[in-house]
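What follows is chain A paired twice: with chain B in the first complex and chain C in the second.
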Partner chain A sequence: MARRWMGTPARALAVSAVCALFTTTLFTHTPSHAQQATGEPIKIGAILAITGPGAGLGVPTRNGVLLAEKAVNAAGGVRGRPIKVIIEDDASNPDNARTKANALVHNEKVVGLIGPSQVAQIVAAGAITDPLKLPHIVPAGLSVPVERDRKCVYHVLPPQDLNARALMEYAANAMKIKRVGVLHDSGYGNVVMGALKAISSSYPGIEFVAIEKFEIGATDVTTQAAKVRASNPEAVMVIATSGTPFRAVKQVRIEVPVIAAIGSSSYEYVKAMGESADNVIIPEFLVGEDPLPDQKAFVEMYRKEYNLTPKNFEAAGWDLVQFMVAALKATPADAKPAEICEWLRRPHKGVLADYDFRDADLTGMKLTSFVYSKLIKGQYTRLPFRVSK
Partner chain B sequence: MRRPWLIVLVVVWALLPWVLGRHHVDLLVFAAIYTIAGLGVGLLLGHCGIVTLAQSVFYAMGAYASAIITVNLKLPASLGFVVGMIASGVIALALGWPVLRLTGFFLAVATLALAMIANALFFEWDWLTGGTVGIGAIPKLGLFGFVLDTPLTFYYFAWVVAAIAMLLVHNLVAGRTGLAMRGMRDSLDAARVLAIDVHGLRVTIFVVCAVLGGVSGSLFAHYTGYVSVASFTIDKAILFLLIPVLGGAASIPGVVVGALFITFVPELLSKLGDFHGIVFGLALIVVVIAAPHGIVGTIRQWRKRALDESTATPGEANK
Partner chain C sequence: MFSSLVVQAILSGVTNGVIYALIGMGIAVIYKGSGVINAAQGEFSLIGAVVAVFAMKAAGFSYPIAFIAGAVFGILLGIVVDVVLVRPMVRRKADEDAFLLLTIGIAFAISAGVLFFAGRDYFTLPSIGSDGVAIVFDATIRYHAIWVIVACAAIVAALRFFYRKTSFGLAMMAASIDADGAATTGINVAAMRTATYGMGGLLGALAGLLVAPIVPISYYMGLVLTLKGFCAAMIGGLTNPMGAIVGGIILGLVESLAIVFIASAYKDVVAFSVLLVIMILVPQGILGRRGRKGG
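Up next is the complex of A and B:
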């Protein structure tokens, strides 16, 4: 009797679940780059979204992190000791991010933490590092109020109100349009959308004629895109970490210009956009095809290492490691985590931008640091527009 | 002493966090939380023959109730637990009454649909749940003026709650209700002939399962200090089903083993790098095929077979 009930639905479902898990992992994993460490390495922890919906952020960041690790060690490491960045994949899940943070901090005894890549995961991992005042730098912008209280969690991408302003500046001053439709995801996009609404009074000429939200990881958002199209906008803002909404815009034949937030600027997402990447305008920091003078050395080094052109998240990964290493070099070998964290609270010059970690947004980036680019046949072209003040 | 192994078990349990690193204690806390949720699924699956994929819904309700009550409304954490349990139970009653008239695959699909709908609502109602960004800064639990703010302190609390849940479930399945449940599981018609209120019993156990899910979710919220819709996806629903399936659905220790398996094995395999998910998938396939009655169920079968063989007379054995 017992054999009959156990044999059918539960086992069948379990086997199906296992097969689904197996298939998903098989098709989302990415090649790793093994690093050789010698001597007594100084351990730095990194949690990144290597798999799952956030992989488009985590994978390029990992490349930047590994390049920085290699460069630091080639240059003699920290006080003659090599650094070892222990990279963990949170699979784009906040529960995993928290578990990984616990393992890195308490098992591996890392001196600082880098990442995660996404808002929810950062908040979850920050709950581990904050009470210890462990130096923690993330490749994302400040997004939710709880992050303002975590004074050792620094950010190397703009806070979301700055991202929102960068989008609005282009719509108001470069395009001089009045009717804007928005297509945004439920995480990063939701936070930027909140910021857009909050600053909209500073741009009285612009009206949001449609605001459509979709879930992170959604594979079809044509319904939402169709609603945006029906509102007859003069431009569409896409705020997401995915190529999906761009394909949807193309599918429903939205012909007006598309302005996208920096979250979708990685080449992983450009590949996912396919043909729909053409003419998308992005306020960002690094145009690998046409870098600013002080970005050229990094771009050349990255190309030599990976035979690829870097973008913002690769540069962010590089900056994260460099700032952490600078703090380790500048503080005594036996410095407490809070001392290293305190040292970081100063201006820093990065490849991506100039920062001031003393700022209340724990980033100190300026609107004038943004450059604007347009995607043409899968390549970025820098636009002449810059925010003047 | 009738059960000396129980004393050994309690001593090992009490000493374990002092031997293990903080990270492993953290995993053991999650194992306790998942054990409580898994007990509910095990009750339904192992004793009633009902496959539910809706436990993530009640787990989420418990978590959100605790988060909203303590963070948004600034009310005591104990109220969050109570509201989470009541809300989970009431929703389970309202949903279970019509849905539990179904059986087999249809019922499994219906509960899966419930999990999907609930996940969509948690996502859409971001004014309440915080959506993907979630609700942070959930206060740590306090007990008699003592704050449970480390994995070590929470370990003892969570496992005591899990032990109470196990005891209650044990009493339930060891009594007349348990007999009725198993009768219903093995033959619905026979159970009806014996005047068992089959539908009422199924709904009652579904509510019990939901309340356990609610408690588990509240513990999760206070332990992690953060809840987001990403923690309550279909993956979590499948995970809760895997706990009794892997460990042994009809056995309480089996649920504990299942919870330990799904907590520790992925973490241990994560050292393999990007391929850890594939290896974990293979490990699950191996366990499901090699131990069709769950790990504990299969061990019990082996032991029973060995006992039968050792007690059989030589003449019988030669037959």
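Up next is the complex of A and C:
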């Protein structure tokens, strides 16, 4: 399978995509006529939620990681050596994440770590990598204070206050509304809701007229939706990782626009929303149906490989590997982990967004990286609105 | 507006309650017949729904045939669980906690199996009747939810008839109340326990099949359903499958009315406080005492 892939035009596409998408540093290190990487592989560890409740995040991330590994090796690897991403499943469990991180770092001697997918697991794995200054990049946004102190654990998804601002920007500047109702779940939704409250003073024109919560896995949230409807909002924000609240919004006949957080943006959730998905607006980063010019090569490559349209976590998985590879290429072969970690502390251009790992939130993502999409018949349509600064 | 909110809460509470009750009935049936708390009951629902979805979408069967396939698969799963996993443990005289651990393991295995074979998609089935909603005092209830309530009532009536009026049902009950006594009268106790698991599997699958048009089902949802179903069964009385109906509807109504009268953030606090009070006042559940007498 791998041999056939490398012998097809996909290889040329991979090489050109790698060249087009990465930092200037990468250009200087990617041979113009890339040879198949040979020799002892350079091991990169990856811990992702492949099973358990976090699999909705971990599985698409894994797809992006595997595609990046293939593309990097097709483009000559790192100094002619292939990379090998050793993927471990933490089953969405922090204890597993810690155990797997220990094994990857101390037994497999990986040069860097990717993942885990979820906050508690990231904190657990970070406790292993941080003392060693091992380069560590995660597909999640900075969420808890302890992460700020771990200067080698970089993030490729926005911190929750940025997610919250992306929602508020649309309400305040695209819709110019004042009354917002919120329907959020008790996990991801609770965290983003906390951020929304914290930043609300930056948007004094907007009032939360109803904030209704439901537990993850709730079978019916129509009572909460009816309370939101009774508060006469001009728009409803839904912050959840399931289709249930969207169905409830439709069932109780809420007619105002629905703005959903990025957590609802996977196609699985869209499928779960059913007809209720129509006209839902989502601030996100990658609209596979209409990608930005510098995302097109990745989207085409992903479609060719998986026959699926990628979303945000797939692109995050790709970026994780590419940044790690860029650091490995730019540092000497015998560089210490801290040197690789230090090299990463700079701006990076990814498929998902532009980053600046020097930033205090270890992400450096800006609101300007967000694109806004609207769901129409199960497909995303990119909206013209962007945050200008 | 407030009155319509209360009506919405009642409609939503009854809908949720009936879903909890369907799961709870399966847990109670298995507990009553074998003394095992089945932590994989939600996974039986998951399997029932997923089999029906694949029977329709991959194999091209009609909805009724797919529905029957899901139900039959539930029965078979229950029987396999008993014959392959429970029976050897019974022979080795395993403790109650060992059985609980077994069913937790089964739950994780089924969930992982669904993830592996069916993926992380959400699965839905078509609504019975129409996708629309009925409007009651400006509140809404999906037509399918009304069918779920009707189906639940029919299942309760059928179960009651089965346990009280059929010789097979009476034999199952006899085997559960006094296994040795039942054996002396010629009842095959092991077969009755297998039938109990088959019945539990059927109830679980029916719950999944009825719920899937309302709630998109995914690989991880079994545990969530089990927890609520277990609460319903506990409130009603774990030894009386009919009690799960009472327990489920009480739990569903308390949850949804708490949203209206207190706050959605405290819904679970209120619901589980009520559960605690009921457990303190009626430790065997509201209908538990009748269940222990074979009622």
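By definition in this document, the second predicted complex is superposed on the first by the 324 of 389 C-alpha atoms of A that agree within 3 Å, B and C clash if a C-alpha of one lies under 4 Å from a C-alpha of the other, contacts with A are read in each partner's own complex, and residues count from 1 in each chain.
FYI, a contact is a pair of C-beta atoms (placed from the backbone, for glycine too) under 8 Å apart; a residue touches a chain by one contact, two chains touch by 3 or more.
All values reported here derive from a predicted model rather than from experimental measurement.
In the superposition on chain A, contact of A:Thr51 is made with both chain B and chain C.
When both complexes are overlaid on chain A, the residue A:Ala297 reaches neither chain B nor chain C. In the superposition on chain A, A:Gln224 makes contact with chain C only, while chain B stays out of contact range. After overlaying the two complexes on the shared chain, residue contacts for A:Ala198 are found with neither chain B nor chain C. By the touch criterion defined above, A:Tyr269 reaches chain C but does not reach chain B. Applying the stated contact rule after C-alpha superposition, one finds that A:Glu212 touches chain C and leaves chain B untouched.
Look at A:Val123: by the touch rule set out above, it reaches chain B but stays clear of chain C.
Note on chain A: of its two partners chain C and chain B, the one contacting more of its residues is B. With the contact threshold set out at the top, residues 51, 215-216 of chain A are in contact with chain B in one structure and with chain C in the other. By the touch rule above, chain A contacts chain C in their complex via residues 51-53, 55-56, 59, 212-217, 219-220, 222-224, 226-227, 230, 242-244, 251-253, 268-269, 271-272, 274-275. Only residues 1-2, 4-5, 8-9, 11-13, 15-16, 19, 111-112, 115, 120-122, 124, 131, 133, 139-140, 142, 211, 214-216, 218-221, 224-225, 228, 256, 259-260, 264-265, 267-268 of chain C touch chain A when the two sit together in their complex. Chain contact summary for the complex, chain A toward chain B: residues 1-2, 5-11, 13-15, 17-19, 21-22, 24-26, 29-32, 50-51, 88-89, 91-95, 98-100, 102-103, 106-107, 119-120, 123-124, 127, 143-144, 146, 149, 185-187, 190-191, 215-216.
On the side of chain B, the complex with chain A involves touching residues 21-23, 26-27, 30, 45, 49, 51, 53, 104-105, 108, 123, 126, 131-134, 136-137, 151, 185-187, 224-226, 228-231, 238, 241-242, 244-246, 249-250, 267, 270, 273-275, 277-278, 280-282, 284-285, 288, 292-293.
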